[in-house]
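Read from first to last, the chains carry the letters A, B, C and D; within each, the first residue is number 1.
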Amino acid sequence: MSNNEVALIIGGGPGISASCARLFCEQGMKVAVAARNPDKSVLRALQEEYGVGLYQCDAAEPDSVSDLFESVCKDFGSPKLVVHNIDGRSRDIFRKSITEADPALVLDVLKNSTFSAFLVGQQAAKNMLQEKADAAGLRGTIIFTNASAAVKGYPKSGAFAAASHGKSGLAQSMARELMPEGIHVAHVPIDAAIGWTQEDGTRAHRLAGTSVDDNMADPDRIAETYLQLHRQHRSTWAFEVILRPWVENW
Amino acid sequence: MSNNEVALIIGGGPGISASCARLFCEQGMKVAVAARNPDKSVLRALQEEYGVGLYQCDAAEPDSVSDLFESVCKDFGSPKLVVHNIDGRSRDIFRKSITEADPALVLDVLKNSTFSAFLVGQQAAKNMLQEKADAAGLRGTIIFTNASAAVKGYPKSGAFAAASHGKSGLAQSMARELMPEGIHVAHVPIDAAIGWTQEDGTRAHRLAGTSVDDNMADPDRIAETYLQLHRQHRSTWAFEVILRPWVENW
Amino acid sequence: MSNNEVALIIGGGPGISASCARLFCEQGMKVAVAARNPDKSVLRALQEEYGVGLYQCDAAEPDSVSDLFESVCKDFGSPKLVVHNIDGRSRDIFRKSITEADPALVLDVLKNSTFSAFLVGQQAAKNMLQEKADAAGLRGTIIFTNASAAVKGYPKSGAFAAASHGKSGLAQSMARELMPEGIHVAHVPIDAAIGWTQEDGTRAHRLAGTSVDDNMADPDRIAETYLQLHRQHRSTWAFEVILRPWVENW
Amino acid sequence: MSNNEVALIIGGGPGISASCARLFCEQGMKVAVAARNPDKSVLRALQEEYGVGLYQCDAAEPDSVSDLFESVCKDFGSPKLVVHNIDGRSRDIFRKSITEADPALVLDVLKNSTFSAFLVGQQAAKNMLQEKADAAGLRGTIIFTNASAAVKGYPKSGAFAAASHGKSGLAQSMARELMPEGIHVAHVPIDAAIGWTQEDGTRAHRLAGTSVDDNMADPDRIAETYLQLHRQHRSTWAFEVILRPWVENW
């Protein structure tokens, strides 16, 4: 693959999205980032430093997602690498017992996580299938970030388990459908807390005396795996890669 | 458990729901069946023969589900066995490639399957937790019927894979949360086509020369497994049981 | 199925095997139990009370296993229900780190668990396939008891994880191969400590103030599930059932 | 990690082992390859071109494996990357029904695959734990190659399913035990036929009109994934990566 491909990252924040944007830019890609609110300092910084394109998008709204792809295609070209990086979990649904969970918020997490993954996956597939495959027969890569809850349904986490498992099922179906078409669909549950860059520029960490890289998933390293998945030869495509820190209990 | 317990089956049709209603009644339970349209001949027949209570319910609507439980509690008493038996798949979403699937229908299947499972599971748990446990410490059983798509994401089945996986994740989370409270949560993917009674009273079957029992899951037998799960001693609770016919390829 | 079928239980002790023998006898079956050392008081008691046949067998030795089936066929008839109930784990391998495990003991656990499961499964299948199927097309049931280690590889448990996973893989292959021949192959990991009858006749339990049924898998209840699996209609065969107590953490 | 680390590959042939040896040498590593018969032209060629060390080893024999590690440590230094690449399946066990499989060959496949994986894993862990961790806290990487049969037990494949599942269980247990010690344990089932270099230098392929890279797993690409796993940062270690060609049915 050439290095000036277009990458589109949906769900923009200071963690995986920012790390992906930075790494993909450094690899020579043209990068677009979409977020419900793209006016965040970490995204503005990426725009200034690397020319990353910023887009407003509500990924749970069909029209908003199709508009996004149209704009990115017009501005940069058809994306060859699409990352769906939305967790969808609001603070108000976190650690709620099944009896306490507010139905409206449960539906929201299903929409923001599972349904938005469908909308993004659909537009990504449509775009990739419209373009001619490259010389190696490849059309592109679609990566779904997911959470521990995709692998195990934890107590007091019913809505999030449902949404994360749902995203996993969607990704699996898309992989079986699209891989023979030359589209690498990958599902990456991060079975860990994810480190991030704090406002003062330092990296967050969980345990005193350890660096962020030690006991939390470092988003820069997650981005490396995403790049490897994108570059992985089609004779050996991995569908699912669960990433966890060395000290994680599983 | 006494035999005059209340059972509530959500999602009423001529397959598993009718078989469950019949078997549970024969076991002495008081049975309520809820359906979007309860005015079906198979349900009316159950009402006449066994006194099954029929309820109109849109299981994807929070108020409709809470109203249902209120009515059933008033009419029969608090349900000790609740079966969520909604597939949620409309014909128009069936075997659609990811690019062809209509987003509105995808959201519908998520609502009708995963979200309705949450709503039903939540009301069931609320009711069971409000009641005193019986002498053996048991509060009741919640069973989620599911499909092959809960176990494997098939191509051209993204929306259904998402909804079915989502229901599976929800069930798992609820099991870990509620089993220690004396509520047996079970998840039963039926990895097969399910037989049913046709209008002329004969049973449907798939292959010439075989009976329905041979190559399709017989709903009467599924109902037996549900009853066993409900009666299963809490020292050996099964969470997941995948049922498939002997000749099924898997 | 008629009730005077022959059941053969391999691996005889005071837990699952004794409970199965008792229940199967009470159901009218003719029961044989094989053990490395069949001269145990719990087995002698079953022999006296129910006429259970006791056989000496080293289930890791091909000739010993084929001799066993020959003897049982001659004494009772061809077994329709075979339970492989050998854990294979010696005390000396328990909780050993990978660096401390004695290779000779590791090979022993592979032989006593996985390889003996193969030998027993092979003889069971041979016998069942030689007999005519019954009117319902059934030839019999083969049940493999397994441990938590079949589902998850715990640290300091490498040999046991290998042996238990191996037994699981064997069972899965046999299920896919033999179910279409009318043989129900089932795999039952018990994800818990298992209660047992102590020398003084009382039941063992783990936590003060709770009964054995509460926090350990009660072998009498495990036996009930085995009977249900044997009686389960072939239109809805379960391959795998993981049993765990309601309070178990998983 | 420095680039002059020692890599040890157990199970030497023209497929994954040769590709790994070549790639690891090109990365500056000192590479040792052990095989039951190291006198193969493909291995001799690696010895001549890259200085790969060749060792005779029966990996199912405890003494042979400990001798191997001793020799490699003496000749090259303590291995930081160990690949267990033994399938263990003899032609005579292939596609045998459960009733036809020769018990002696079944035990052989368990020894050659599962037990040898234990022996190699144990020696690798011992060596890595004896050495000081590097500045990043890393002690090394142990990779177990596995087959489709590790993921699914196919019919007429009982022995191989048992051995492959067994290896998987071992790897999982070792990962949970050793990752917190700074050893990256990875399990890589190749869900596909694997291409190889034929005697005449051409690459084998399965379907007319396609290249080896298209429809079989290319061992050169598998080797790339192994190198990535070895280099993967410990904040995001993948335990399991299933590799399959884009056109594979799964």
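As a working rule, a contact is a pair of C-beta atoms (placed from the backbone, for glycine too) under 8 Å apart; a residue touches a chain by one contact, two chains touch by 3 or more.
As the structure is a prediction and not an experimental result, all values here were calculated from the model.
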Intersection of contact partners for subunit A and subunit B: none
Which of B-C and C-D has more C-beta pairs touching across its chains: C-D
Gap in Å, rounded to a whole number, between the CA centres of subunit D and subunit B: 45
Approximate Å spacing (C-alpha centroids) for the pair subunit C, subunit D: 33
Touching two or more other chains - residues of subunit C: 176
Chain-level touch network, classified as line, ring, star, complete or other: ring
Parts of subunit C lying in touch with subunit B, wherever the complex brings them together: 137, 176, 179-180, 182, 184, 190, 195, 212-218, 221-222, 224-225, 228, 232-248, 250
Residue numbers on subunit C that touch subunit D, as the complex places them: 62, 97-99, 101, 103-104, 106-107, 110-111, 114-115, 117-119, 121-122, 125-126, 129, 149-150, 152-178
